[in-house]
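Dropping the structure in here first, questions after.
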Amino acid sequence: MVSVKPIPAEVVENREECERTIVLRLRPERPIRWEPGQFLMLGISGVDEKPMAFSGGDDREFELTIEIVGPFTERCADLEPGDVVWVRGPYGKPFEVRGSRAVVVAGGTGVAPLVPLVERLRRARVHVTSVLGGPHADRLPRKDDLEKLSDELYVTTEDGSEGRKGFPTDVLEELVEKECPDVVYACGPEGMLVRVAEIAREHDVPCQVSVVRYVKCGEGICGSCALGKGLLVCRDGPVFWTEELEGTEFGGVRRDVTGKPE
Amino acid sequence: MVSVKPIPAEVVENREECERTIVLRLRPERPIRWEPGQFLMLGISGVDEKPMAFSGGDDREFELTIEIVGPFTERCADLEPGDVVWVRGPYGKPFEVRGSRAVVVAGGTGVAPLVPLVERLRRARVHVTSVLGGPHADRLPRKDDLEKLSDELYVTTEDGSEGRKGFPTDVLEELVEKECPDVVYACGPEGMLVRVAEIAREHDVPCQVSVVRYVKCGEGICGSCALGKGLLVCRDGPVFWTEELEGTEFGGVRRDVTGKPE
Amino acid sequence: MRPVEVLGKRWAHPIACASGALAAHRPGMENAVLRGAAAIFTKTVTESPREGHPGPVFVDYLDEGYALNAMGLPNPGPDRMVVEIEEFRDEFDVPVYASVAADGPEGFKRLARAFSGVADGLELNVSCPHAGKGYGAELGSDPEAVAEITEAAVRAFDGPVSVKLTPNVDRETLLEVAAAAIDAGAEALTAVNTLGPGLRIDLRTASPVLGAGVGGLSGPALKPIALRVVADLALEFGEEVEIIGVGGIRNGEDVVEFLFAGAKAVQVATAAREKDFGDIAMETSHILKELGYDGPEEAIGAALPEYRERLRRLGWCQ
Amino acid sequence: MRPVEVLGKRWAHPIACASGALAAHRPGMENAVLRGAAAIFTKTVTESPREGHPGPVFVDYLDEGYALNAMGLPNPGPDRMVVEIEEFRDEFDVPVYASVAADGPEGFKRLARAFSGVADGLELNVSCPHAGKGYGAELGSDPEAVAEITEAAVRAFDGPVSVKLTPNVDRETLLEVAAAAIDAGAEALTAVNTLGPGLRIDLRTASPVLGAGVGGLSGPALKPIALRVVADLALEFGEEVEIIGVGGIRNGEDVVEFLFAGAKAVQVATAAREKDFGDIAMETSHILKELGYDGPEEAIGAALPEYRERLRRLGWCQ
């Protein structure tokens, strides 16, 4: 029987990436083979455990891009090199590499799984245009990495403090017309993902999005991340082709930790 | 972790071999790879389970030579083709093939593991002289098989009703002088084995004997078959080089099912 | 496979989704049904919504035969679960049973009322080994508490009630608890909840692996314990109640073992990780046929005569 | 590794041969010691010799994390076991503890007398799950019975007494049983005996696999249960008694987990199938060093502060 046990991982680096966002570099006791789009469960002993997307690095040492949003992620921010955390994974299905021209749309910390995706796409000789959006100039995580990795990067901020004023979907609309991409990849707030899916559908471009739901067990048992139509985010996702999501709670119901719609 | 679970085996044949002795031919649900000298635990549901040496055949269908000595073996005698018994194994260490001339000494049902041993030896081009002893002419199990398989067969009976009057060890004494074997193999009553070991030692011939003790778990846990000097019959035996047995209870203490010396 | 009648409903086959697995809300129920579950037992609902324990809530030691979990009964509360069940019913015609837990008869009564006319039956969770003070197995190891709770629920609910038992009691107490549940009106017994709780310790941090500290043991290693409980219940009460087996079931052979032990139907939880309920049902059907049984009903309790015989030898049975 | 003081004796390291494994008689004890056991707990001795249950007495489901056994306490009786221990002592200077079982205080008293001046200590087996009516776990789930038995044995024996506990009770009963044993004079608690009993059924014959019908569950899957019991006992009684951990220990990491949970020493049974006690001791020594502990004594209870913290959240601890 395959078993995914928590293993210790040493914090190698914990850097402030931008406002309220850190990048945690971990070295697990044993290598973990992962693909862009997959996630692991990150545990801090005595605190809690949360799903986090792989966000760069390799099997022996990888990065997580973490937004500080509550008690658990605040504890993540306090981690120092040499500290031990616990990781189990990898879980979930990765992004699929397809075609020769891709547009990658990142909303805030949604950039996390997209950094290694862009790297993978470029290695597969796919032309990548990336769009990164955030509320303002200090909330554009992994901007430098995306810039370095992508063929082209567009930046948007809601207040116009950097790049274009507005939303990454504004840029996407232009890009799908101009660039005629073979595929669109996106991760970010669900509202943004819904809009990305619409734009892609309107232009008949296949589109993969990485969806966030309460993932508790990570193993497809507890049901908390069920999305409808038989889909579980932890097993069947978190990356879905947008047509798979039709008729599910994607873009509709979001549930809190008790399972109640928010 | 390696696991040896009971598997069903179908009775293919149950033939009366000679007085109070049957040969049971079994076809296990899955093949069992065994070597001459190894044994299995034979279970009859709701009755009991006992160790039995492999006594011929192959991985897919093998034979057991069973003396009827009590309630369990009486039930064995009642088995009919199509009946299902349970087997787990193989357990124990097999005989070692060595040299080019061997003498094989069988006392009564002790012949059980020796039939396939002789077959194996002949396949390895070892010259085999066998000795089979029993109380009288109707208690010489597997005589025909041994005769066919061995280069030479000597038979002894205590009452002289067949072959030489006396014990197989009488023949062995002559053979070790005459044949100068490289190795002696024996299985049978412990008194006989002790004598075989003495004769072999006197003539400096290496000797392997198969020892019988109460084997209950078969897995080296319960300790019932411990022989002294750290040896367990089920794991380190049942086949031992006679020098391994020095200082053990072999030839001395025999214990009943409670562990008490008999 | 032939349908079976369980807890007052017709199930397409004897394999349901266990409480704790998948059916956290409508989409969870949907997942279980689309993967072939013949009936749904919801995640346990408490009087107020619960967030559950901190993580890790599930740790997979399946290479050692088990998993530990301490979800901590996360649930949206009865009002919302009623809506989830109703929405589910709009789409699917599959029996849904509500698993409920409270800290005493009053709470169980209120929950029973909430699900009256909504769920096809109730399963009383008096057996969760990690629910904490006043909940779960603490109640379920006390025959008097079980009697009061069962009576309260049976009176307040308009359908069949099953009591889910804890295996973490001695043999005598188990039979007393079961008798108490039956006397109080339970129509079925669900056997068993997870074992323990169990503890695993991180050596690096010298602290428990699970967020809650301890968790219930599930998976293949639970099966022999669950089977024994089912067989003991079936010998003693098989004529009076339906027994629903749960614990470590992964395949058709496991299901048949439970049927032979006296279970009328079974539930699957941990194995949902790797297998669809429908596949297990297919396997069950094949194995029953191979063994010469026309359907699951015929196989129920097939091993009990011989089991009784063995217990007699141990002095545990007349 | 540094020696440890357990049950009044100096053990070379904290890993002993558990009762039930190997030490059926002198050659069995010899096997355990030659393979590195620091102390020997004999197979359980009853007032009269016993043949044990019909086979199979042991079934190996270790690919599912467990084994089931129902040896049925085969033993040569106290008179003979005394001789076996004395013969063993002529050759080896290793502590030997006699495991004993009877159906009440009188029997335990007689056994305690028989081993006085012979064994270095007694282990009271009130926890075997398949010994049958009147024996084993039936007694060990009743605090009063345990109190009487322990008192009788302590009075009649001239050395330390450990009570071996059953895990097959609820948390509250477990602590009551332990308290009863301690109040009656037990100097140590051995935790735990095998789980269950468990049942597996042959599908072909529709009957139990084990000769006795049911058997105790041992192996890796027992470990989390045993660890939780050890930790619960250590939190509650750690100052008053020595705790000897047993259940599913296969390697050095397992031993350290038990030390962290509060065990002063451990016993190994099922894993003796695949590994020598001495190898497990070596592994333990390495791991302790890696983790920065000078010896086993320092590691005892290292996880208890955090364990207590988690139990507090569950309301199970002050």
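By written order: A, B, C and D. Residues from 1 in each chain.
One rule holds in what follows: a contact is a pair of C-beta atoms (placed from the backbone, for glycine too) under 8 Å apart; a residue touches a chain by one contact, two chains touch by 3 or more.
Composition by chain, UniProt nomenclature: C, D = Dihydroorotate dehydrogenase B (NAD(+)), catalytic subunit.
In this text the structure is predicted, and so the values were computed from the model without any measurement.
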Seminar exercise, completed: Chains in contact with chain A and also with chain D, listed by label, are C
Exercise. Minimal path length between chain B and chain D through chains that touch?
Worked result: 1
Exercise. Whole-Å distance, chain C centre to chain D centre, using C-alpha means?
Worked result: 31
Problem set entry | Inter-chain centre distance, chain B versus chain C - centres from mean C-alpha coordinates, in Å | 50
Exercise. If you average the CA atoms of chain A and of chain C, how many Å lie between those two points?
Worked result: 36
Problem set entry | For chain A paired with chain B, centre-to-centre distance based on mean C-alpha positions, whole Å | 66
Seminar exercise, completed: Listed in rising order, chain B residues that touch 2 or more other chains are 45-46
Exercise. What positions in chain C touch 2 or more of the other chains?
Worked result: 61, 64, 204-205, 207, 211, 220, 306, 309-310
For this session: Can you check the complex and tell me which residues of chain C touch chain A?
Result: 20-28, 30-32, 34-35, 43, 49-52, 54-64, 69, 71, 74-77, 80, 84, 202, 204-205, 207, 209, 211, 220, 269-270, 272-274
Seminar exercise, completed: Per the touch rule, the chain C residues reaching chain D in their complex are 61, 64-66, 68, 130, 132-134, 137-138, 141, 166, 168-173, 195-201, 203-208, 210-214, 217, 219-221, 223-225, 227-228, 231, 253, 256-257, 260-261, 287, 291, 302-303, 306-307, 309-311, 313-316
For this session: Give every residue of chain A touching chain C within the complex, in rising order.
Result: 1-6, 8, 41, 43, 45-50, 84, 86, 88, 216-224, 226-232, 248-249, 255, 257-261
